[in-house]
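The same subunit A turns up in both complexes below, where it pairs with subunit B and then with subunit C.
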Partner chain A sequence: MTTKTPTAERSIRIPRPVYSLAAILAIVAVAGFTTPSFATLDNLFVVIRAASLTGIVAIGMSYITISGNLFALSASSLGALVAVLFALITAQFGFAAGVVLTLLLAGVSGAAQGVAISLIGNPIITTLAFGTVFRGLAALFSGNSILRIESDLALWIGTARPLGIPTQSWAFVVAALLSWFVIRHLKLGREIVLCGANPQAAIASGLRVGVVTSVACIALSTGVAIMAMLTVSQFSQAKADLFMGYDFDYIAAVLVGGIALRGGRGSPLQAALGAILIALLQNFMLLNGFSAGLRMTIVGFLVVVSISLFHVLQGKSR
Partner chain B sequence: MKMTAETRSNLARIALMLGVYLIFASRIPSYYSTAGVAALLDGAVLAGIIAIGVGLTMIAGEMDLSVGSMAAFAGILSIKFYAFGMLPAFLLVILVCAVIGAIQGYCIYRLNISSMVFTIGTLIALRGLTLVISQEKTALIPFEDIAQTDILSTKFFIFSIPSVILLLLVLLVDFLSRRTLWGREVFAIGGGRSEARAAGVSMKRPIVLIFSLSAALAGLAGALLSIKSGSASPLGFEAVVLEAVTACLIGGIALSGGRGSIPGILIGLFTIRFLVSGIAALGAPFWMQSLATGALLIFVIIGEAVIRHVVRRRKFALSAQPAA
Partner chain C sequence: MFVMTDIVKRYGPTLVLDGVGLAVKAGEVMALMGENGAGKSTLVKILAGIEPSDQGRIEIDGKPVTIRSPGQARAAGVGYVAQELSIIDSLSVAENVFLGDSSIGIMRSAARLAEMARPYLARVGLDYVDPLALAENYSVAERQLIEIARLLSRKARIAILDEPTAALSESEIVRVKAAVRAIAADGCAVIYVTHRMPEVFELTNRVTVLRNGKSFAPMETATLSIDTLIEAMLGRQLGKMFPPRAAKLGAEAVRLESCMAPGLKAPVSLSVRSGEILALAGQVGSGASTILRLLAGVTPLGSGAILLEGRAYAPKNVADGIASKVVYCSDDRKRDGIFAVRSVPENLSAPALSSISRFQLLSGSLEKGHIRSIAAKFGLDERYFSRLAGNLSGGNQQKVALGKWIGLNPKLLLVEEPTRGVDVGARAEIYKHLRELADDGLSIIFASSDTQEVLGLADRIATFFHGSWCRWSTRIPRPPKASPAT
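Let's look at the complex of A and B:
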């Protein structure tokens, strides 16, 4: 409520991406010096692929965070459902129909979640419930068995490297730039930012908060669908327990990227940086033989610390 | 005599519970045998004890999502501490969890941060820590001691020690929450945070208290189940938070905080247990159970949101009439 002079505040503000960039450089430096297998070409591709897949979902998740809805806990389960559906449809009607129908179904599930969130008002509980349903449906549709697809086109999409760069990374770069453009330069993007910044003011000034929430959820679902289809294409198989526990990576990417949890601030590019950071960290820990538990502990503490740090940096209020 | 809205909604909840019970009881004979009811009670212990803690945090307008990892952590810890004897193991585990919960509550109070977000961070970290201390292996009670744990499975009519603990806890926490100053503070900060603060309610005491309590209860539940079965997996109890939250919401605890009661949680708990064990008893695969829980949760929260919307519209219409 106090009026601060804007200049005084601006003079000490460091742009948030600087923190994540510094952290990325630090990890690369430490890993490069201590881990001989880190700075190899093969490992580079592994990291890039992992970062791209996490990143595509994290970019979608950033829409939800920016629109003021914290985050969704249903991303990994939706990924499994979408993967199963994609495999089923591709086996039946071919690759092109698979892609189109899967994207459509993912969009519908996103819209359903968006409507539910704006009705209920608690995104985390709502998506927790939807996540369970998605995971159950994935098991139901797949009969809880491994589904295989046979499609040369899918295999090419999953494993090719046009101009030396994996397709996943092309998709990641395109998604990041497109999302940045939507948030910064389209009316819809500005509405998302404004709804996150101050929901009451947004409602009072006639912005379509419900539509914005649904759009954010559809953005996440689309990201999840792309990620799931790329993964299924790469390994030519899908099953209901895919991506179990990946939600934490997506959330961690958004959080360490420094997107304000209160909403209304940040850009999808920050989530992309955060995803690269998490992928580098995971890769570094894997190469050094850290156990799964230790890796999870470290990511968890990173999340707690970065939430607290950015929360303190942006001043104390919810 | 006119019923208050609260009585009416409580009656509706009890009717829902009985409805679910009758639907399955008509198909499953074990629903009205002594052994069947005892099994139902035992199945409700884990989610029930945890739901009391989660429910308290929800009443205060916060939410503790880290309870699943906390229960798994407590499970591993209780098996490790079992060397000191069963009762000391329980007490130690509850103490450790309560301290961790209190630290968590203090951080949430101090940083003034959204507790749902913070506890998701600790959910990940605690799960990792559990994997580390268990060396990613299932922890087992030594074979020669396993006979001692039978006391937890012994049935007295329809009750066992764990289910009696659950029922006593419901009575105790209900009493504390309604009759003590600390309990009223929990309701006050959930109902109107800024009004409570203006009236001089300290934020620190209730917030530290509820998170400490919910962690301790999660610890007790995890330890009970693990010692009873003689083993604990570091990956266990992942889905319990969903069941606990669902029980609270069906039991009439408002997502926005400030409303609800502990006996209500019991109603919600049995509604969901009747449904889930009924589905299991009819021979459906395991994923149908979580599917049903999730679908029920969506159904309940959307239903409540719609009812709230309609009630608000009607109130507006009523208050507009005299002015017109």
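Let's look at the complex of A and C:
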């Protein structure tokens, strides 16, 4: 009714990233006071590098979530396949060809998954199946052996610190800003958000829901490819069992960052924050000698708590 | 016999019922009337224990009762037949009659259950039905009657029927009316929710009107005329509800020639001129909405031809329709009309992303201009721009769902149930803005099951019944001064 004043329907809302930032500051404060080895320059680089590689993939994953397709479970397997292909191509044709062809192949694999999701309608099942295919192909192509590359350029990219900051972290920052710009300022980004908010209404408004799903999958594949190439460059080797079990970290970063599972809300920057939060927590626990089992339990618990928290907050604001 | 007083119910920020009262005597049929969104369904759901009320008292035979679950409602003798049928097709008729009745137990044989069901079925005029046959073998009307038989089997003393005839034809309605008379004659207090005027005058003893979440003292049906009842529902004279009709019409904009599509039983031919508002009148399943979906590109054309401004037009999907400036607003805005979790401006610009961006880059100034012009044309307050579409009232949501199309400068606007779930004030505004758009040359076709809306807004009316187009009305009487019998 137009006679009603808008204030009657307004409610105060704290933006979700604020919660993630507060959690990051809390961990830094606790770790800084209790753990002497935490606040050292060396450790800082360890944390930043770990957050960066997870973060680059999490940013790509946030496209899947925001576009209304929940999650992809194929990221870690695709990472292994991409790493193997990158190592093979680089060994044969050099670094530049390796980068270009690897990105191209990753893009194709993303588009294929997008088309399949559109046809099948279930992103979880589709990407689970694709993940198995990717992991299998990685084993086939690598012959289950360790592939080595010898490229000074690759080694430099994997280990250098321009302006004192690891290349991985530069890539992370660039990826975060670029993804934010796409979602916020490109026509395509608005389409991704609207399709995630209500796919039925998107179709009824003439938006390209199928295209959006494929774009989201390509965004994730690109993130995975960059992460995998940086990892191979850093260690000058690749094998088929790389990144095994990392999928939960990528998804956890998206969830802890407070991106709504139902899609249509949130920003890639939140996934970046989530990745930093989880990397800090992992590092803090490692330095304090927490067992692997305990670390796993705590991270899983953090995800449960944050999903519940954001769910309750959403209920209030509605 | 039973009294509800001071019932209050909120959905989030919206006050749906604001101190409503309802009293019904045994053996009486009380009509509960009001516009879409007036709170009728919410009120009966509170009595049926499906929705808890925020405040209020319910008394039965002078004793206060607490009803906060369907089980408590049943124990208090309240029976409820919902708008959506709750008949399970894969169970037998007898099993449906006793559905959810815990006193039956699981040990009864099918034959025994059938014998128990027979008297109740006979009471509602279903004596010819085989209680052992599956419910799916029977028509919608027969299943509606099975639901009423279920009320009888539960010895309900208060029977709520929420629009029991909405999906039925005239001859089927006669049977439901007979069943309602039968249960009232047995001493049941009947609450009858309906939009259909003839039923009110033929069937009910008194009428309680709800308007904007408030109730009015019951009126004796015998003392009412259709006009006084409509005015009580609208809160104003019908004449002021609707804008004046088109002074002059332009050239022919759209023509359908012998079109067939799934949902139609006979070919339909009709045309609309620019500046004209055409109503497709009909209940659910009448085929009226099929015509809209056909034109929008949702439903494929079976046979026949469509001409848009003289040229052949055959949209393969919604995007095709939009490209030809034919736009469609369905009757379910929550499902596909709005993006509830996005802001109002993002909703308004959703179909027009290309026109608000330069080189794939969204332009803030273009978007602002775009949504401002829509807001001005559709009477949408700019104070709502910071809000999520899902947090708006029904009326403003409908303005957003319709308004988003206006920015495309469409040639043909297709609207299904233009004011479903919209309050009186916003209804009048929406009618006014639709007429203004038509006066600017837009052609509008709307499908509606609301007779007042059809009579009040349209320049011409095409009536649909059971998948067939049946009647043209060009000279429309308004406001309707018909006698109760018609």
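The rule is short, and it goes like this: the second predicted complex is superposed on the first by the 304 of 318 C-alpha atoms of A that agree within 3 Å, B and C clash if a C-alpha of one lies under 4 Å from a C-alpha of the other, contacts with A are read in each partner's own complex, and residues count from 1 in each chain.
Everything that follows uses one rule, which is that a contact is a pair of C-beta atoms (placed from the backbone, for glycine too) under 8 Å apart; a residue touches a chain by one contact, two chains touch by 3 or more.
Every value quoted in this text rests on a predicted model; they were computed, and no experiment measured them.
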Inset, instruction - Classify the contacts of A:A75 with the two partner chains as first (subunit B alone), second (subunit C alone), both, or neither. - result: neither
Inset, instruction - Return first, second, both or neither, reflecting whether A:I298 touches subunit B, subunit C, both chains, or no partner chain. - result: first
Inset, instruction - Applying the touch criterion given at the start, work out whether A:L147 contacts subunit B, subunit C, both or neither, answering first, second, both or neither. - result: neither
Inset, instruction - In the three-chain superposition, say which chain, subunit B or subunit C, touches more residues of subunit A. - result: B
Inset, instruction - Scan A:I66 for contacts with subunit B and subunit C and give back first, second, both or neither. - result: neither
Inset, instruction - Determine, under the contact definition given at the top, whether A:A51 touches first (subunit B), second (subunit C), both, or neither. - result: neither
Inset, instruction - Kindly classify A:V193 by the partners it touches after superposition: subunit B alone (first), subunit C alone (second), both, or neither? - result: second
Inset, instruction - Kindly list the residues of subunit A that each of subunit B and subunit C touches, one partner per complex. - result: 318
Inset, instruction - Spell out the residues on subunit A that touch subunit B in their complex, using ranges where they run on. - result: 70, 73, 116, 119-122, 124-126, 128-133, 135-137, 139-140, 144, 240, 248, 251-252, 255, 261, 291-301, 303-304, 307-308, 311-312, 316-318
Legend entry - Residues of subunit A that touch subunit C when the two form their complex: 1-6, 8-10, 185-191, 193-194, 197-198, 200-208, 260, 262, 264-265, 318
Legend entry - Touching residues (chain side subunit C, partner subunit A) in the complex: 12-13, 318-319, 322-323, 328, 330, 335-342, 346, 350-351, 353-354, 357, 360-362, 379, 381, 383-384, 387, 390-393, 395-396, 404, 423, 425-426, 429
Legend entry - Complex interface listing, subunit B residues touching subunit A: 63, 65, 107, 111-114, 116-118, 120-132, 134-136, 234, 239, 241-242, 245-246, 249, 255-256, 285, 287-288, 290-291, 293-295, 297-298, 301-302, 305-306, 309
